[in-house]
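Chain IDs A, B, C, D, E and F follow the sequence of writing; residue 1 opens each chain.
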Amino acid sequence: MQQVRVDRGADPVISPDALLKEVELLASEGARFTTMICLDLDPEFEIIYLFQKPTLDVVRLRVRMAKDEELPSISSILLGAVLMENEIREFFGVKIINLAIDFKCRMLLSEKSLQMPLLKVRPKPKLTGGGE
Amino acid sequence: MTLTWPIIIAVAAVLLAPLVGGLLRGLDRKLTARMQGRLGPPLTQPFYDFGKLVGKSRSVSSRASIAWVWSYFLLTLTAFALFFLGQDLLVVFFILAFAGGALAFGALSARSPYARFGANRELLQMLSYEPILLLAAVAIYFQTGGFTVYSVFEANQPLLPFLPLVFVAVLVALGIKMRKSPFDIAASEHAHQELVRGVYTEYSGPHLALIELTHWYELVLLMAFLALFWVQPLWVGVLIAFAAYFLELWIDNIAARLRWSWMLGASWGVGIGFIVANLVLLSVLL
Amino acid sequence: MPLMSGNLIKNLFSGPATRPYPIVKREPFPRARARLAYDPDKCTYCGICANICPAAAISVEEDRENLHISRVYNSFACISCARCAELCPQGSLRMEVSPHGAADAKTVAYSASKET
Amino acid sequence: MARVTFPFGPQHPVLPEAIQLQLTCEDERVVEVLPVIGYMHRGIEKAAEANLYPNNIFLCERICGICSFIHALCYCELIEGMMRVEVPPRAKYLRVVWSELSRIHSHMLWLGLLADSFGFESLFMQCWRAREIILDTLEMTTGQRVIQSSCVIGGVRRDIDLDMEPGVRRQMAAFQKELKSIYPVFAKDYTVKLRTVGKGVLPRDQAWSLGTVGPTLRGSGWADDARTLGYAVYDDLGFEPVVEIGCDSYARMMVRLREVVQSVELVIKALDQMPEGDLTVTVKSFPEGEGLIRVEQPRGELVEYARGNGTAYLERLKVRTPTFSNIPALLVMLPGCELADVPVITMSIDPCIACTER
Amino acid sequence: MSGELLVSLLVLLPVAVAVCCLALRNAAAQKVLLLPAMVLLMVAAAALALRVLPEGPFALTPAAVWDNIVAVLDYVILAYFLYIGVTSRNGLVLGLAVVLAVLLPVVQFGVLGGHVAVSPVFHIDALAIVMCLVISVVGSLIVLYATDYMPAHEAHLKLERTRQPQFFFWFVLFLGVMNGLVFANSLLWLFFFWEVTTLCCYHLIRHNLTDEARENALRALWMNLVGSVAMVAGIGLAYNNAGTISIQELVTGGSALVLLPLALFCLTGFTKAAQAPFQSWLLGAMVAPTPVSALLHSSTMVKAGVYLVLRLAPGYADTSLSLLVAIFGAFVFMVTSLLAIGQNISKRVLAYSTIANLGLIVCCAGINTDLAIAAGIALIIFHAVSKGMLFMAVGVAEQQIGSRDIEDLDGLAARRPVLTIAAVIGMLSMLFLPFGVAFAKWAAIEAAGAQAGWFIAVVTFLAVGSAATLVFWSKWLGRMLSGPVVETKEPKPFLAYGTILLLVSGAVGLSIFVTPLITVLIQPALSGMGYDQAFDVAGWHLRTTFGFFPPWALFLAVAAAVLLPALAARGYRKELDPVYLCGVNVDGPELWFTGIAGEPVQATTGGAYWTQLFGEARLTPLSNWSALVLLVALLAGVILR
Amino acid sequence: MGFLKRARVKSPWILHYCTGGCNGCDIEILACLTPLYDVERFGMLNIGNPKHADVLMITGPVNWKNREVLQRLYAQTPDPKVVIAVGACAATGGVFHNCVNTLGGVDKVIPVDVYVRGCAARPEAIIDGVVLALQKLEEKRSGGVAHAAGAR
């Protein structure tokens, strides 16, 4: 039976600077990228990275960062992450740098869509375009 | 030969071909549907399509395209008439090549990536079937001593028993010309392919209708060419042509569409190879 | 290559499998959820259906001036989930087996309580 | 060398959904592929935060209409897991039955579309005709052909009762007969093999590191299937993943083809073993805390994450769909192929754009 | 005018004009000189034709002293080749020149015994007249074209000191030498003219003096020297075996002993006609200014090669040599046509097409029936006209557009309508029935088909090659015809455009009047060579024993089919719709679409070349080795017989 | 012109485009082509090119990025043409009524002639929709006034 409930306390929480080192370590163990989940815990972002070991096990890694901090992309280590990183940048405005493929925040949204739609707390009423 | 009868026959053929061609296409769609377990459209569906297209407004993305599509039609018509006038087969095929070229020019003129891909593939198709048709004419000369349609009728034996492999090779050419799997690479009848109907992408309405009409002529011409393989008596040839037509439909439904490189290999290997083998056998045995 | 031939022969001889739909209509499955039927006579205008509808296809509004509650059902938005039919306390909603016909304009079904 | 740069999609006949590949070709050889997506993005994750959490079942089902049941199942199991609700065993078996029926219908649909992508129209028709048997079964048991809306938090809404069960078995037998006539065409036909064998090769280690999932991964030799995690009752059914080692489009096709056979067996086995009992338990509380679930969809592993705060509204719902993980593989497989192979290779990952973009 | 005068005029006038050109340093003055001179040359050719055609062959033997002059000049040229070999440190040129330097005296003094009187030295029959007309008319037009082209060319190169005098010297000299070549009956005279054409060609190719030009000129030189060696050897053998070095006697003698020399002469012809495996010199000749290409490809140089093969055809009729020549020619036709598909440089496509057509002529000579020879002669005429014109058009386009890449000619119609229409007609005339080149192709296939046995191979090669021709022309032609409308004025230099248009009308006119052309020129040429008449020209049709070709009726039909729609389309004035781009067109500019990251991207529609199949890297080694094998088989077959 | 008018109803060629729905309706449209429903018996063909189409079958609630694509496809389809919006979300936004990136229906962008209800719309309903669309098509004349493309 698979474990559904997540015990927050069990996950390592790191800062953006330590991210690349951790991911490199995981990658060298054969782990691959599964997904990442961004949470807008105002005034911070929490980003959960999920990796899969060559078994079916999932490894979680949490990054906590201020909203204006820069987050290095891990797409140079694990290319599979590039779409999700673009999405998070687009949906939350997380400043992810050094993306392998840069969609410039136009991956899923059009310029007329509501920008950064998943932000809980918006910096200023800077809504561009339409949206419902 | 006096010219009166050939002219009557040719005029009749030109007038009747759209009817026959359209019905053949209707039969094609009906039979294909039946093979796929479907009810299929009525036999007269091609005429409805044609009528509908004539009545549509047009969208033109290049002037040269519309000129060439008319040339395509008129040149095919010329080749068609020449054939039924009993003329030189090589001349007919050369003019037919001109017509095919016109179709490609029309698509190339449109500057649309899809149309141009289609045109290039159309040219590859011509590279595949032209040698077969030309060689088939030569093979007919081997058997009849003449290159003209007329000489086939003058010969006193049917061709098929002597040129069976040539006939098979012509079937390959027919498959390509009918745009059937496995050779429907440039503009498949099934729209679900990567080129969005390739050469026809940029045509619409009446121009598309014209292309459809030309296909009918082409189809009748090719069927008539197949019938030439047994003209003593003619009805056997017609039956053979229909059998070949059915065979093409059958193959269409049991094969995937293949890539151009395979098409080229197959048509050169099977088509040219078979014709050469047949001619060699013929000159060795007789 | 001829592996498909068996199927073709079968198809040719067994005739088309096509259901001649508009001419002959097939008996729908008894469980089919195709259309929402509404009985205004049973309805108490409680608004539960409007609250839980995932597609916001139903709205219930209280008109205090004229003293009645109106219920509007937009069949064009309904996703036939049958949630409202499950939860309606009065049993005034029920799923029917035959689908809506096509329409050339969007119209809504309107009903109103006699009084509140 | 002359180059052709052109958009392949969003409106394109070989693509059932709107996605654009910005292709650059030399002659007909593809040299560069850039995916342009977003034509199907609706904003479901955001809407899921605004909906009452039980309504999200219906929204999740419509993340994608093809594996809609599995989307619903995934969401329900996630919420149930977060709220520690124990679902009645009969409901679990029914969930397996419908999941596997969905998988069959999805795979048959895909096999048909694949056949269409290499121009084998009659095979497409044959697959879709066989698939109608499954759709009929689904409609008969749940009331809808493609969007079943039968899974709810705490169980299922419909039953396959004793009256219906023989009918389902009959349908499965009929389907097996159809499948038998289709299977060899895919597996052995010369032209099909010409178009699939060696096309879109994804080597074993690359398949892993790029993060591919589902048949795309299993076609490259990895026995990785979320069903082995044993959600619903897969652990009781003796499930074993289907694996092929060809790493090409043919291998991926064979994985799906064999999975269809396997799924039919699973359905029958589940019907055999199904216990009597309730269909649902009543659920009263609201989800709280974090939950993470992985289930196997026809296209691969679906990962869902939810965060609740004890109200009727979720704080965050994150859906990582299988195609999202498979698209990077496309960027590796397409360059260097022939234009004519683009549809086949693209189809070989079974792209599901609706769920990718949510 | 007397025949002697006309002949000397045709040979010596260009020589004299050439020398004058060397002296004149002023472009305008050159124009003033060349215009009347060229007109005079054309008139002289016509006058000679009017005399020879009704009256039969015309013989001429200059005073014996001329034989000695020619012999001396032979050695002068040879010495010059040696000098080139030494200064350029090119081993091949040097080696071949040394071989020649040994072989020539051996043959001349050892075998021929110093001096052999050949009577006549010049034998001017209808075939020679055909060639002379082609050279004098097409060649002269190209000279006139060059007077417009070269100043622009030099302006473009920013030369400080004009090199036009040298250019026109070699250029105009070429015409005279070519005329001499086709008139010559004595093999020694032929050899002399042959060497001079090699020399002219060498200088014209290296005209631009770039490293590439020098290198390619040397390549042309050594490859042609291979032919020269073969020719000298052939002369020796011919005299040894048959006791004559008169072409007429060799050809009509019909002795099996002369087959080996004939084979060697064919080999010579192949080198000059740039047949595989010697095609690289002609491809390399592209570095020269365009008029040079036009001249080499249409009326001079390569035509000398096929002329020789065709001229000798009666000599080897009905022998295995004939069959092998046919197979070789057909093979070259096929393989170079296929090679042309993979080319994106316009001039290279034209070059491959030339080689292919020459292969076809060679093949016609090899098929060696009335119809085939007629086809060969017709092809010489039609090819010269169309190909010369195409090179000229491409040259103008290159000057005006600044590129010779087919990709850049995409949509030329919008920028250079007149030029495009000329080029399109030229291409159509190379490609499709009822135009002359295709007519000749038709005749060749029927002629080859009418032979049994190994000729099946010939027919097969011809059929594939003819389909390949269709592909490479069509994919180029189609792309020029429409483009974004650009408001530019088309500069139309008078002589350049005038000559192009003249040749275009020539190509069309000759094709329409192919029946009279056959009666007037080709039938006499055939009978002059000892063949029967190929066509029954009664009525308006051309009837062969097994085929039928109605040129006028076809022209009417095709003209209606092509011109009427074109006129109608010109009248279409409605706004054009955007092309299909999957629904993501950017409004406004043509061919832009919304791509990655929502940014506009320009769709490009480059041509297809299928280089993995038809590229030089893949096909050239294959074709060269096969051609080499065929050549070896050709010689071996003759030797071992 | 009787035949031409009759031909129009007898030969509707369809362009199917998904503007962001869930695929449920799309696969049902495809199912209409397959043996059991076989709309080719009405002469319908699924043609992938707007320039050849008469009937636009649009599914999905139209998202912002797809809006212009849809407008362009509509403009590229030659007259006479009809638009069928298939499914609840194509008609009103349906279950996606509160999704931020959707416009809530095809008729917000281009004029719609026929609505087919259902989520997913059943093949039977789609066939009904086509039949109704054909009636509307018959009323339209070739080269008739093109509708001004959509609101917003």
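By our rule, contacts are C-beta pairs under 8 Å (C-beta built on N, C-alpha and C of every residue); 3 or more make two chains touch, one makes a residue touch a chain.
Every value quoted in this text rests on a predicted model; they were computed, and no experiment measured them.
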Considering only mean CA positions as chain centres, point out the chain farthest from subunit D.
-> E
Averaging each chain's C-alpha atoms to get its centre, pick out the one most distant from subunit B.
-> A
How far is the middle of subunit A from the middle of subunit B, if each middle is the mean of its Cα atoms, in Å?
-> 58
Starting from the mean Cα coordinates of subunit A and subunit E, work out the distance between those two points in Å.
-> 68
Mind checking the centre-to-centre distance between subunit B and subunit E? Centres are C-alpha means, answer in whole Å.
-> 35
Approximately how many whole Å separate the CA-defined centres of subunit B and subunit D?
-> 43
By residue number and range, which residues of subunit F touch two or more other chains?
-> 17, 34-36, 38, 41, 46-51, 63, 65, 69, 73, 76, 94-95, 98-102, 119, 122
Per-residue multi-chain contacts in subunit D, two or more chains | 4-6, 8, 10-14, 28, 34, 38, 41, 43, 46, 51, 58-59, 62, 120, 122-123, 125-126, 129, 144, 147, 189, 191, 357
Set of subunit C residues in contact with two or more other chains = 1, 3-4, 8, 16-18, 54-55, 79-81
Touching pairs of chains, which are they?
-> A-D, A-E, A-F, B-C, B-D, B-E, B-F, C-D, C-F, D-E, D-F, E-F
In their shared complex, at which residues does subunit F touch subunit C?
-> 35-38, 41, 84, 88, 91-95, 97-98, 107, 113-119, 121-125, 127-129, 131-133, 136
Note: in the complex, subunit F contacts subunit B through residues 1, 3-8, 10-11, 13, 34-35, 38, 40-43, 45-49, 51-52, 54, 76, 78-80, 142-143
Once bound in the complex, which stretches of subunit C touch subunit D?
-> 1, 3-4, 6-8, 10, 17, 29, 31-33, 52, 54-55, 79-83, 86, 95
Touching residues on subunit B, where the partner in the complex is subunit E = 59-71, 74-75, 77-78, 81, 87-88, 90-91, 94-95, 97-98, 101-102, 104-117, 119-120, 123-124, 126-128, 130-131, 134-135, 137-138, 141-142, 145-148, 151, 196, 201-202, 261, 264, 268, 272, 275-276, 279-280, 283
Within their complex, state which residues of subunit B touch subunit F.
-> 29, 33, 36-42, 45, 47-59, 191-192, 196-197, 200-205, 208
